[in-house]
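You will see subunit A twice below: alongside subunit B first, and alongside subunit C after that.
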Partner chain A sequence: MLSFTLRRVLSAVLVLFAISIAVFLIFFATPGVDPAARIAGRSASPATLAHVRAAFGLNRPIFIRYLLMMDHLFIKRDLTSYVNVGLKVVPQVLKAAPVTLALVSGAAVIWLVVGVLGGIVAAANRGKFIDPLVMFIGIAAVSVPAYWLGEVVNLITQSRLHSSLFWWVPSGGYVPFTQNPWQWALHLLFPWLTLAALYAGIYARVLRAELVNAMNEDYVRTARAKGLSERRILMKHALRCSLVSIVSLFGLDFGALIGGAALLTEVVFGLQGVGMLTYTSLQNLDLPVIMACVLYGSFFVVLANAVVDILYAFLDPRVRVA
Partner chain B sequence: MGEVVPSAVDNTTAAIAPATARGPESPWRSSLRQLRRNKASMAALGVLIFVTLICLCAPLYANDWAHVNAFSSNISGRIFLNGHWRSVIQANSSGYGESPIGPTWHISNYFLGADSQGRDVFARLLYGGRDSLLIGTASALICVFFATISGLAAGYFGGVIDWIVSRLLDITWAFPVYLLAISLSVILVTSGFSVGPIHVQAGSLLLPIIIIALIYVPYVARPLRGIVMTLKEREFIQAAIGSGASDWRILRKEILPNVAPSIIVFFPLMVAFNMLTESALSFLGVGVQPPNASWGTIINDGLELLYTRPWVAMAPGLMIVITAGALNLLGDGFRDAFDPKAKLRGSI
Partner chain C sequence: MPDSPVLKVQDLKVTFATRQGPLRAVDGLSFDVAPKEVVGIVGESGSGKSVSMYSMLGLVRDANVSISGSVKFQGREILGLSDQEMQPIRGGEIGMIFQDPMTALTPVYTVGWQIIEQLRTHTDMTKAQARERAIELLGEVGIPDPRNRVDHYPHEFSGGMRQRVVIAMALSCNPKLLIADEPTTALDVTTQAQILDLMLKLQDTYNSSIVIITHDMGVIAEMAHKVVVMYAGRPAEIGPELDVVRNPRHPYTWGLLGAVPRVEARNDRLTTIRGNAVSPLEIPEGCAFADRCDYRMEICTKRPQLKGTSDHLDACWLSDEQRVSIRSKAAS
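Up next is the complex of A and B:
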């Protein structure tokens, strides 16, 4: 187990290194694109361009340029935005992170509960009308663009039914938990539900498929032969086994969302998280910020992948050898 | 058992393929028959064909029926409606600011109203659908093409090739999908790029197509690699190797037909994913660039009108939901028919 963990951590570090090179190549070495002009932003003065060229060593060998970028990002941490002059990028990302974390964790609780319940209910009612109904809702949830769903929610709660049913819904934004826990939850309620819809749909569909497969396994037949009730077989035997795939799915999705996939939900609801930071810098073509957000995001995805693999090896010893 | 008693379906197909001695039905044919019996999938297919057809008719609708130009602004335009002439952009009743005309529900006359530049939303919806469908399908084709090549090469040859391909896939996989697409788009979309003889202009539809195709390659290539690795240990492949067949022949004649069902199952889901990704990128302003329109860009246009003229943003979103939903339903049907055990990571 220890050697597996070590190997996995080492490979995660290598992947992170490779990603940093890939990001560097995308931003600094795309053929036919002048990186200085991109980083300095639209209509930059010649002085700014010259400053960018010097700061990122754009006339020096390519590996020095890479080292300079890493230096600005991780060691000196003095990467500055050229659009909002003087704005330090790394502290911005760190300041936005808690908002994203709050959004994603709350949504995760909702989608896990709803998704797992939906999957169980559908699998337990195979052949009745409730199974196709749950699966149809699942398909609908998977097919809705998250940002558009957010707009529909805004349209209903902020405009059409705001004066009657949804008078209590605040108009977007974020309130820190430490400041007012009740307002914190109230501001995040609809973003949570919007973000959770897609994943609840996915998890319900995946879990149902796993459960249906598991119900044909030998150990379930044994349990039936012992005379256990179908309900007990489903909940105690099939579910335990099927949840393993949900665990691994969850690790990946959680990492991806923290790493930036919640971007669209944050934009629609005006939450100042990392995704929103990426979005505003996209609008201004503020490349240093985008670069930092992308690297930060991939860090979480790689971390989540590693944690999931290690957990998996812990649950299933066969994986450790491979 | 089944070969002696031809069913009703077999009678109809017998006329098409009379040469075969009534052996067991080929797996392809039985899968297709099963797919045809799946009512939900057939309904989904019908919806898809309908959506594609009406979107293809966009120029016909705009030029010959509604007589509008969906791409040039029409701020001072006027339309004749219920016996009155009305401006496309009207002053608000408060006397402050102005808003575009709302849905008229007359199919030939600003059916869904106008956007803030006075353009016919319904005509734009049809034109946007063409680009959304084109990008979704084309990028899925490119993605599946590259994924098949890399998955087959890595799984079959193993060794150094496998190591290189797998590491490349790992790196792409580790990028958050949207962030990778955003980084590539923000660099390329506004300036285009040129590598050797290939020149792609800024704003070209090719850019979102290629970017979306590349970011999803690992999601298809990784499972394919696994399938090929297990296939390679099977007796019939070993027999082919033993009888001296070339690698190319084994890949083409033995392996490819056996991974084809998995590829087919992936395809509609990839189209749905890619459409959703395209709409998200366009919504963020780094996907389809004006003057082109897609459902994502129209939703973006409608954002500022959300509370006053909600249909501008609602209609393209509904089209995405309907199309992606139909593709997902069809994907489910494909899986039941072609490869019931296929495991799909149903997430992006």
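Up next is the complex of A and C:
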């Protein structure tokens, strides 16, 4: 188990290294993308361009430029924006990260609990009224786009019913946990629910399908022949084997969301998270910020996948050998 | 009565409602299992061997199934009992061994955990006691170094060893009856013999009766005291093992016995029964075997009943004289 963990972490580091090179090449070495032109502004003279190239080290060999970029990004941490000259990139990302982290982690707890419970309840009551009901709610939650659901939630809680039922709902924005934990939770409650709806729906449906499949497996027949109760068979045997797919789904979703995929929810609820930062930097083609955001995002995707694989090995002993 | 049967199956019928009409998987199966007796149920794939056993224990989970007849276990009717009422019987009094040991164990738990689970379900052993018993059981079924192996996962065992684990689990609560569904089919030949020997040895220790399902007449000859030959969900011939193997009465049994390859025979081709097993959706009104039978007669459009002398019964319209002449011709 330990050696498996070590091997997995090492390969994650290698993947991150490869991603950093790929991202660097895409944004800084693709023909047609001239960082100097971005920095110097529109219709700059050749002399200005040459000056900018020299000042930013853009005239040096490509791998030196890669090392310089990594040096600025991770060691000196003084990489500056090309668009808002002087604005440092790393603090910006570090400021946005906790917002996204809080949003996504809270939502993840909700969608895991609701999704797993929904899947179990539906599978346990297969063929009864409650199964299609849960599945219908699930598909409805999956079908509703987050930005629409978020707007509707805002409309109800901020405007229509704000004076009566939802007087306690704050108006958008983010309060750091360290500043006021109660306000932190209050500000994030509806963003959490909005973001969790989609994933809870997916997880409930996936888990139900997995459980129904597992209940037809030979080992479940053995468990029945052993005289175990249906409840124990479902919870101890079928669920344990079905959790593997939920865990791998969760790793991918969680990593991607932390990496910025919660953009729509962040925009709707005015949360200045990583998604928002990536979005604005892409609009401005602010290469250093994009670089930092993508690396930050990929870090979490890769990390989440490594954690998932380690969890996998914990859940399924057959994986440990490979 | 000292020899009242452990299991008494009477006129068991299992029918699945399908779009193509009723599928009669088992149609009028009756047999007894005496204490310490080994009963072999033999037949081709799809002849209703396994499904009859599963339906007895309520392990057929199809919503479209209807099961009728009577199955008495130690004098108590168990057909139609609820899951809750069946739980102490399943695993506690009737143990079951399955065909494919590769998939019969839950992959994410150690074999010890799974045996302990069963022990703790049916007895009030403590965890430590159950663990000791599990180790003891693994040793009894011939797993080397059981104290260490008890904490291994199913995928760390070979097929034969896994089947030993399944047997240990099935026997863990001293069941009165052991149902083995093709326990050796998925194993290689040398392992097959070991597993059969093991089952016979353990049957001696645990005094259980065994119902063994197989399509291999060799297994029957090695193990069984009594044989039930099934074709298309119906019993074709029932009798003591020696009688059925040495003096088979039903043409289908002749075919089955002829299909056992012999070392001394120099035939280039293996003998087969011509045609294919009848589809359970299209079982004829009369004798189910008639279409494949070399000795078909007019009367075979009517369904033959099981009949015969004392305990050797068969369902065929051939008269004793006809059988004698057919068999003497075949022998010459």
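By definition in this document, the second predicted complex is superposed on the first by the 288 of 322 C-alpha atoms of A that agree within 3 Å, B and C clash if a C-alpha of one lies under 4 Å from a C-alpha of the other, contacts with A are read in each partner's own complex, and residues count from 1 in each chain.
Assume a contact is a pair of C-beta atoms (placed from the backbone, for glycine too) under 8 Å apart; a residue touches a chain by one contact, two chains touch by 3 or more.
The shown structure was predicted, so the numbers you read here are calculated from the model rather than taken from an experiment.
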Subunit B versus subunit C as contact partner of A:106, first or second or both or neither: neither
Contacts of A:315 with subunit B and subunit C, given as first, second, both or neither: second
First (subunit B), second (subunit C), both or neither touched by A:237: second
Which of subunit B and subunit C A:282 touches, first, second, both or neither: first
Partner chain(s) touched by A:226 [first = subunit B, second = subunit C, both, neither]: second
Superposed model, subunit A: greater residue contact from subunit B or subunit C: B
Touching partner for A:119 - first (subunit B), second (subunit C), both, neither: neither
Partner chain(s) touched by A:150 [first = subunit B, second = subunit C, both, neither]: neither
Touching both subunit B and subunit C, residues of subunit A: none
In the complex, subunit C residues that touch subunit A: 57, 59, 61, 63, 83-84, 86-92, 95-96, 98, 100, 103-109, 117-118, 121-122, 153, 155, 166, 169-170
Subunit A - residues contacting subunit C, complex: 127, 216-219, 221-230, 236-237, 240-241, 315-318
Subunit A - residues contacting subunit B, complex: 15-16, 18-19, 22-23, 26-27, 30-33, 38, 139-140, 142-148, 151-152, 154-155, 158-159, 199, 202, 205-206, 249, 252-253, 256, 259-261, 263-264, 267, 278-279, 282-283, 285, 287, 290-291, 293-294, 297-298, 300-302, 305
Touching residues on subunit B, where the partner in the complex is subunit A: 167, 170-171, 174-180, 182-184, 186-188, 190-195, 272, 276, 279-280, 283-286, 296, 299, 303, 306-307, 310, 313-314, 317, 320-321, 324-325, 327-329, 332, 345-348
